[in-house]
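Two complexes come next, and they have one chain in common, subunit A, joined by subunit B in the first and subunit C in the second.
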Partner chain A sequence: MIDTRNSLAWRRFRRNRAACLGLVVMVGLLLMSALAFPFSSRWSNVQDLQGAVRAAPTLRVVTPYDAYERALPDSLLGAGMHRVAGLAGYDDLGRSLLFRLCLGWLVSLGVGLGAAVMAVVIGVSWGATAAMAGGRVDAAMMRIVDILYGLPYVLFVILLKVVLEPPLRTVLHGQGHLANVIIVFVAIGAVSWLTMARVIRGQVLSLRSRPFVEAAYASGVGRMRVMWRHLLPNLVGPIAVYATLVIPQAILQESFLSFLGIGVVPPTPSLGLLATDGVQAVNSFVGFWWLIAFPCGILVLTLLALNFIGDGLRDALDPRTDAVAIF
Partner chain B sequence: MSLFRTLMVLSCMTLALIAAAYSIGDGDGRADFTYVNSAGIGTLDPASITWKQDIRVASNIWEGLTILDPRTGAPIAGAAELPEISADGLTYTFSIRLDARWSNGDAVTAGDFVRGWRRAIEPGSAGDYAFFLTDHVVGARAYYEWRTAAVADLSSSQTGSDAWRARFSRHAALLDERFAGVGFRAVASRTFEVRLVAPCSYFLDLCAFVALLPIHESIEDLRIDCEGSGITAEGLVVYDPQWTKPDYDESGYPGLITNGPYLLDAWAFQRRLRMRVNPYFRRSDSLSCRTIDMAVYGDLNAAILAYEAGDVDFLPEMDVSYGHELAGLAMSGARPDFYNPAVFATYFYLFNCADATVEGRRNPFVDARVRKAFVLALDRRLIAERVVGRGERPSGNVVPLGCIAGYDSPRGLEYDPDEARRLLADAGYPGGEGLGEIDLLYNTGFIHERVCTAMAEMWKRELGVAVVLRGKEAKTFSEDRKQRRFMIARAGWYGDYGDPTTFLDLFATGNGNNDSGHSDAKYDDLLREAAQETNIATRLSLLAAAESRIIRETLPALPLYQATQMLAINPRVSGLYPNARLVFPFRYVTTKP
Partner chain C sequence: MLQYIINRMLLAVPTFLGITVVTFLMIHLAPGDPLRGMIDESMPAETSEHTYELLQKHFGLDQPLHVQYASWLKRIVTLDFGRSISDHRPVWDKIRERLPWTVGVAALSMFFGFLLAVPIGVRSAVRPNGWFDSISGTTLYALYSVPSYVTAMVLIVLVVTLPIDWIPIRGAYSDGFDGLSLWGKVLDLCKHLLLITICFTYPALAFQSRFVRGNLLEVLRQDYVRTARAKGLAERHVVRRHAMRNTLIPLVTYLGMLFPTVISGSAILEVMFAWPGIGRLMFDSILQRDYPTVMALSVITAVLVQVGTLLADVSYAWIDPRIRYGGGLNHVD
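The block that comes next holds the complex of A and B.
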C-alpha cells in the first residue's frame, strides 16, 4: 500500500510543472557547487588586492594561477575553475565572487538542511509524544512550546551563542568557523521545531481516534507499535511538506542573522553575508551591480525553487487526494 | 450605499491620521543649517565626553578659555582673553571677557571655571581626560590620588556604620583644605589663575578642550550628596545625570545653561537635537545661523542620499563602504563639495600585551617577538591603498607624520615577511605551529571588517596562523576592549591637542586609555623625562625616542595608516573649513538660501 501511495504521489508531483522546475534548479545548483567544492572551499578567500579589487565580471583571467597555487595541485578541473574565476566578478578584497557564491550557497543550504533535520526529529517526537500521552503531560509539553514561542528570537540566538560557543570551540579544536556554522543551524533548528511539534500533535490527535487505530489497539497492539506502524506513515505527508518549507525559512533566517552580525562569521561566505556585502556596495555614485545581483539572484532562485518543491509535495502527499485516488 | 459611505468615512479618517502623524513629526520647520551625526548623543557632560560627535555639540554650546581656530587649528581667545604667562612659563593668568554671559544672562565668572575644572578631577564626575589636569597642574595629581584612595577606603566599610561615619566625616572635613592645594583658582571674579608643574607648549590647546569647560552654578542644586558634605557616602561627586537636558525642571532646575554661541533648544534622545543662538552671547545678532539641527542617521548611506537630495547641509563623516569612490570624486575634482583632508588621527590595531590567557586560551602576544612578527608580516601599503583607498597615507608610526612642528618622527617598521617568520620561529612558533587560533576583535560596520579580513588572510599566508574574526556591535566592542578580552583589537585615535603626547600617552603605564595593557619602564621613563624637560627641542627628541621604542621594539600597537576623513559641505554653506583637527565651530557658518 505504501508503495502505491509513493508512486501515486510521485506521479502527481511530476504533473506539477513549477515543482519539477524547482527540483531541476535545486539539483543543478547542488551539482554545480558540489563539483566546485574542492576549489571553492580553499579559494573562496584568496585575495588579489593588487589586481582584482572590485573587478567587473569577465571571462579574462585576472588573478594569476600562482595566487591559488598553495591550495591544490594542478589538474584539468582546477585549470578550468581558474579560467572561470572572474565569471561573476570580484569583491572589494579581490576575491572571486563565483567561488564565494558556490561555497556560500552550500553553507546556506547546509544550515537550512540542518535546521530542517532538527525540526523534524525534535518536532515529530515532541508533538507525537504529547498527543499520544494526552492529559497533563500533553498540556505541560505544549505549554513549554508556547513559552519557547514567546521568547524573542534574536535574544534566544544570542543566548545560545554565548552558552554554546566556548565549549564547542574547545571540542572542535582549531575549527572556529565550523563551530560557528553549527551554532547557527542549532539556533535556527531550535526554534523551527516548535511549529512542527504543533502540526504533528494536531495530526496525531485526529488520527488516534480513527477506527483503524482503535482496531489496532483492540487487537492488543502496544502504543509504541501503533505509533511506529500506523501513525507515522500517515504523518509522512505533513512532515515532508513542512520540512521543505523549513529549509527556505532557515536560509532566510541565516541571512537575517548574518546581516545582524550574529550569524555566520566572515570570511566564511553565506548567501546572507554576500548579500550584505552587496548592499554595502550599492550607492548612487558608482554601481558594482554584480556584487548585489548575483547573491540576491541565487537567493531568490533557491527560495523560489524550494517553495515550489514544498508546494508540489503538499499537493502530492495530501491525504485527501490520496483517499480519492485509492478508493 | 451605506457601505460605500462607511468606506469613505473610514478612508478619510485614515488619511487624516496619516496627515496628523506627519504634521506632529518635526513641527518647528527646517533649521538654517542641518548637519548629520551617525549616532545619537552619548553624553553632554563635558567631564565625561570622549566621542567626537559629542565634542562637536558641546564645543558649540559651551566656550572654554580658548577655542581652536578652524583654519589653522591654533588656540585663540575664547571666553577669556589670551592669558598673561609668567616668565618661567608656569603661571597662566586669564581675564574672563567682560561680555562673557551664560544663556540665562548671568556673567561667566572665574568660579564657573573652577567648578568645571574641579569636576574634571573629582572621582565620580571625572572622565577619561582627568589626566589633562593631573599631568600638568600643580597639586592636581596629589588631590586626585588622595580622593581616589579615600573613595576606595569609604566603599570598603559599611555605609552608616561607626567606622564609616568616622572616616567619612574626617574626609569631608578635609575636602576644601586639600582642594586649596590644587593649582587653579579664582583670584578675582573675572581672573582665573593656573599654575603648572612644568612649562607646557600646548597648554592653551588643552584649555580649548571640552573637559575644561566652565559649568554654571545652577547644577549645584542637582548634586547628590550625603548630609550636605558635597560628596556621596562613597566619597564620589555625583550629579543627577539629567542635568544636561534643556527641559529638565526637577526641584526648580532651569534646564541646561551654557555659555557658547548656541544653546540647546530641544533634544530628542537618539533622534535629533536642535540648537539656537544664545541671545546673551557677545554680538549674537551677527551670527548668521540662527538655528542648527543635528539629524541622526544611523545609516550613513541614507545620510548621503539625504545630502544629495538637499535635506542636510553638512556631512562631517562619510564612512561608508564605497568611501574610496567618494574620495576619488573628491580628489579628481568631479565633486568640489566633497573633501578628504588628512586628519590628526591614526588607524591602528592593539595587541593585548598584559594577559597570559584570554577567555581561557593562551595569549601569545605577551611575547614582544610575536607582536613584532605580526607587524612585519603585514603589507600596510596594500591595505591603505587597495582595501581602504581614500587617500590614506600608510604609516608605521603612532603619531601622524608631519603634523607637529619640530617633531622629527622616527621610522616605523617596514614590511618584511622573512624577518617575521624568523621572529615567530624564535618565539617558539615555527610556521605558526602552536599558536592556536588568534582572535581579532573589531566593531562591525564601516570598513573594519574588510580590513580585518584582509589582515587575517595576510597573516595566514605569511605566517601560517589561523585568525578568527570577532565582529561585535560598538558598545560590546568597547566594553570588551576596555576589559582586555581580546588578543588583537581594532583601535584608532584622534589627537586631542597638538602634541605627540596625545598619542604616546595611550601606551603609558596606568593611562586610562591604555587598552593594550602595555607597560614598559624605559618608555615610561622617557615620557616622564620629556614631561620635566623645559627645552622644547630636547623634549620633542625625547618623545621621538619614546615613539621609536613602541613602534620598533615593544610594539603594543600595529599602526596601519594616517586617517583621512571624507566630508561633504553643501556649496550654499560657507564658513566651514575642512581641517586636520576636524573642528567645526558653527559660529562662522553662513548659508545662502
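The block that comes next holds the complex of A and C.
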C-alpha cells in the first residue's frame, strides 16, 4: 500500500522537469564537494602570498604542490586536485577559491540539513503534542511559538553565540571552528521549527476529528499509539515538503548572518562568507569578478535547485494543493 | 464580533509580555554594555571606575534586572520609550526620523510589486500551465531564489564598474540636499531610491504574482464563475468583474502579515545601501547595546504583528460575510 503510494509520488516527481534538474544539480555539487573534501578541508586555508594573490581563474598550476602539504601521500587524486586548484581563481590571501567553495558549500548544506532535522524533530513533536493535548496546554504551547516568532532574531543569535560558545569550546577541546558551526546550526534551527509546529498542529487538529481516529480510540488504542501509528503516517507529506523548504531558507539565513558578521566565523568558509569576502574585495578593487561571481553563482544555483526540489516534492506528495500552492 | 476582538486582544497580552521579557533578558545578558565605550580610556583606573558607577546609576543599570524591567514596563504603558543610551536623544525621536525612509521604500516596492504582479498573475491564471505561465513562473521562481543582498551586490558592482556615475549607491540623499530646488530634491531622492527599491521589489514581485495566480485559479473553479460563463459573458468580463473581486480576500491576510515587516525594514539591505531606516537602527542599536532603543523597536514590532494579524482577521470577516467569529477562543487560528 505504502509502496504504491511512494512509487506514484516518485513518478509524479520525475515528471516535474525543474525538480529533476534541481536534483541532478544537487547530486552533482554534492559529489564534487564530497570528492574534494579530504583536500578542501586541509587546503582551504593554505595561502600563497607570493604567486597567487587575487590570481584570475586559470588552468595553469600557480602554487607548487609542496606549498599545500608535504605530509599528504602523493596520490593520483591529490595530484589532480592540485592541478585544478586555480580553476576558480584565488582570493586576496592567495587561497584557492575552488577549495574554499567546495568546503563552504558543505558547511552551508550542513547548516541547512541541521535546521531541517531540528524543524522535523522539535516542530513535529511540538505541534502534534499541542494539538493532541488541546485546551490550555495547546494555548500555552502556541503562545510560546508566537513569542519566539516575535523576538528580534539578530539579538537572539548574538546571545546564543555568547552563551554557548565558551562551554562548547571546552567540551570540544578547543575545536573553535566546530563549536562555531554548531552554534549557527542551533541559532537557525531554533527558529526553523516554528512554522513546522504551526503546520503540524493544524494538520493534527483536522485529522483528529476524522472517523478513523475515532475508530482507533473506540477500539481501545492509547493516545501515543494513535499518534504514532495513525496520525504520523498521514503527516509524512507535509513534513517532507516543509523540511525540504527549510533547507534553502536556512542556507539563506546563514548567508545573511555571515554577511552581518555574526554567522560562521572565518577562516571556516561558508557560501555566505565567501560572497561577503567577494563583495569586500570587489568594493575596494574593481575587476576581481570571480571572487563575487562564483560564490554568488553557487549560492543561487543551490537555492534554486533546493526550491525546485521542494516544489516537486509538494506536487508529488500532495496533489490536492496543486492549484493553491503559491510556488 | 466585538467579543471576538476583545478575546484576541486579551490573548495578545501574554504574547506581548513574553516577547518583551525575553528580549529584555537577552539584550541585558548579552555581554558588553553601552557604558564602557563612553569612558575615556586615558583616565586613571579609579576615576574611570567611579565614572562608570555614576553612569550606571544615571541610567538605572545598577538595579537588579526585574526592577529594571518593572520600571521599563511602567514607562512603556505611558508610551514613554526613554532616552537612547548611545546619544542621549529621546528614542521616539530616533525612530520617528527613521520611519519615513523605511516605510517609503516599503510602500514604493509594494506599489511597483502589485503594479506588475497583478497582470502577470492574472495572465498566468487564465491559461494555467500555458507558455506564459510556465515561463513567468520559472523566471520568477528563479528570481525568488536569488537573495536580495546578492542582487544588491551585483547592482552595486555594476554601477561602480561600468561606471554609471549618476546612480548613487549609498545613503538616501546627497550632501547638498537642503540647497536643492524642489524639483532637484525629488530627482535626488528618486536616484537614491532606485537601487534599494529594485532590491526590495523583485522578491515581493515573485511572491505576489504567484499569490494572485493561485487565488484566481481557486476562484475560477467556483460554481458561480461557471454560471457566469454559462450565461454567455465574455471571458474578460468573467475574470475582471466576477473572479477578481473574490481574490481580494486572501490579499487582506497577506497585507496584514506584511504590515510589521514593512515597518521593521530589512537590516541587510539598509546596511548595504547605508539607508537611514529602521532595520539599520535596530542592527546598530543591538551592536551598541543601546537597551532602550532595542526594547522600543521590539515592542513596536511585537505590537504591530499582533495588530496586523488581528486587522487581517477582522477585515476578513468584514469583507466576506460567510465568515463569522463566534464561539470565543476556539475559533482562533
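Here is the rule we go by: the second predicted complex is superposed on the first by the 312 of 327 C-alpha atoms of A that agree within 3 Å, B and C clash if a C-alpha of one lies under 4 Å from a C-alpha of the other, contacts with A are read in each partner's own complex, and residues count from 1 in each chain.
Here, a residue touches a chain if its C-beta (ideal position, glycine included) is under 8 Å from a C-beta of that chain, and two chains touch if they have at least 3 such contacts.
Remember, predicted model here, so these are calculated numbers, not experimental data.
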Once chain A of both complexes is superposed, is A:P267 in touch with subunit B (first), subunit C (second), both, or neither?
first
By the touch definition at the top of the document, which applies to A:Q280: first (subunit B), second (subunit C), both, or neither?
first
Once the structures are superposed on A, label A:Y149 by its partner contacts, choosing first (subunit B), second (subunit C), both or neither.
second
Between subunit B and subunit C, whom does A:L93 touch in the aligned arrangement: first, second, both, or neither?
first
Answer with first, second, both or neither: which of subunit B and subunit C does A:F256 touch in the superposed model?
second
Where does A:V162 make contact in the superposed view: on subunit B (first), on subunit C (second), on both, or on neither?
second
So, A:S219: does it touch subunit B (first), subunit C (second), both, or neither?
neither
Contacts of A:S209 with subunit B and subunit C, given as first, second, both or neither:
neither
Which partner, once the models are overlaid, touches more of subunit A's residues, subunit C or subunit B?
C
Quick check on my understanding: which residues of subunit A belong to both its subunit B contact set and its subunit C contact set?
282-283, 286
Residue set of subunit A touching subunit C in the complex reads 18, 139, 142-144, 146-147, 149-152, 154-156, 158-159, 162-163, 202, 248, 252, 255-256, 259-260, 275, 278-279, 282-283, 286-287, 292, 296, 299-300, 303-304, 307-308, 311, 323-327
Subunit A contacts subunit B in the complex at 45-47, 49-50, 53, 70, 92-94, 166, 169, 174, 176-177, 261, 265-267, 280-286, 288
Subunit B to subunit A touching residues, read off their complex
301, 304-305, 308, 320-322, 325-326, 329, 359-360, 382-383, 386-387, 436-437, 444, 449-450, 453-454, 456-457, 461, 466, 468-473
As the complex stands, subunit C meets subunit A at residues 11, 14-15, 18-19, 22-23, 26-27, 29-31, 128, 138, 141-142, 144-147, 149-150, 153-154, 156-157, 160-161, 207, 210-211, 214, 217-218, 221, 267-268, 271, 282-283, 286, 294, 297-298, 301-302, 305, 329, 333
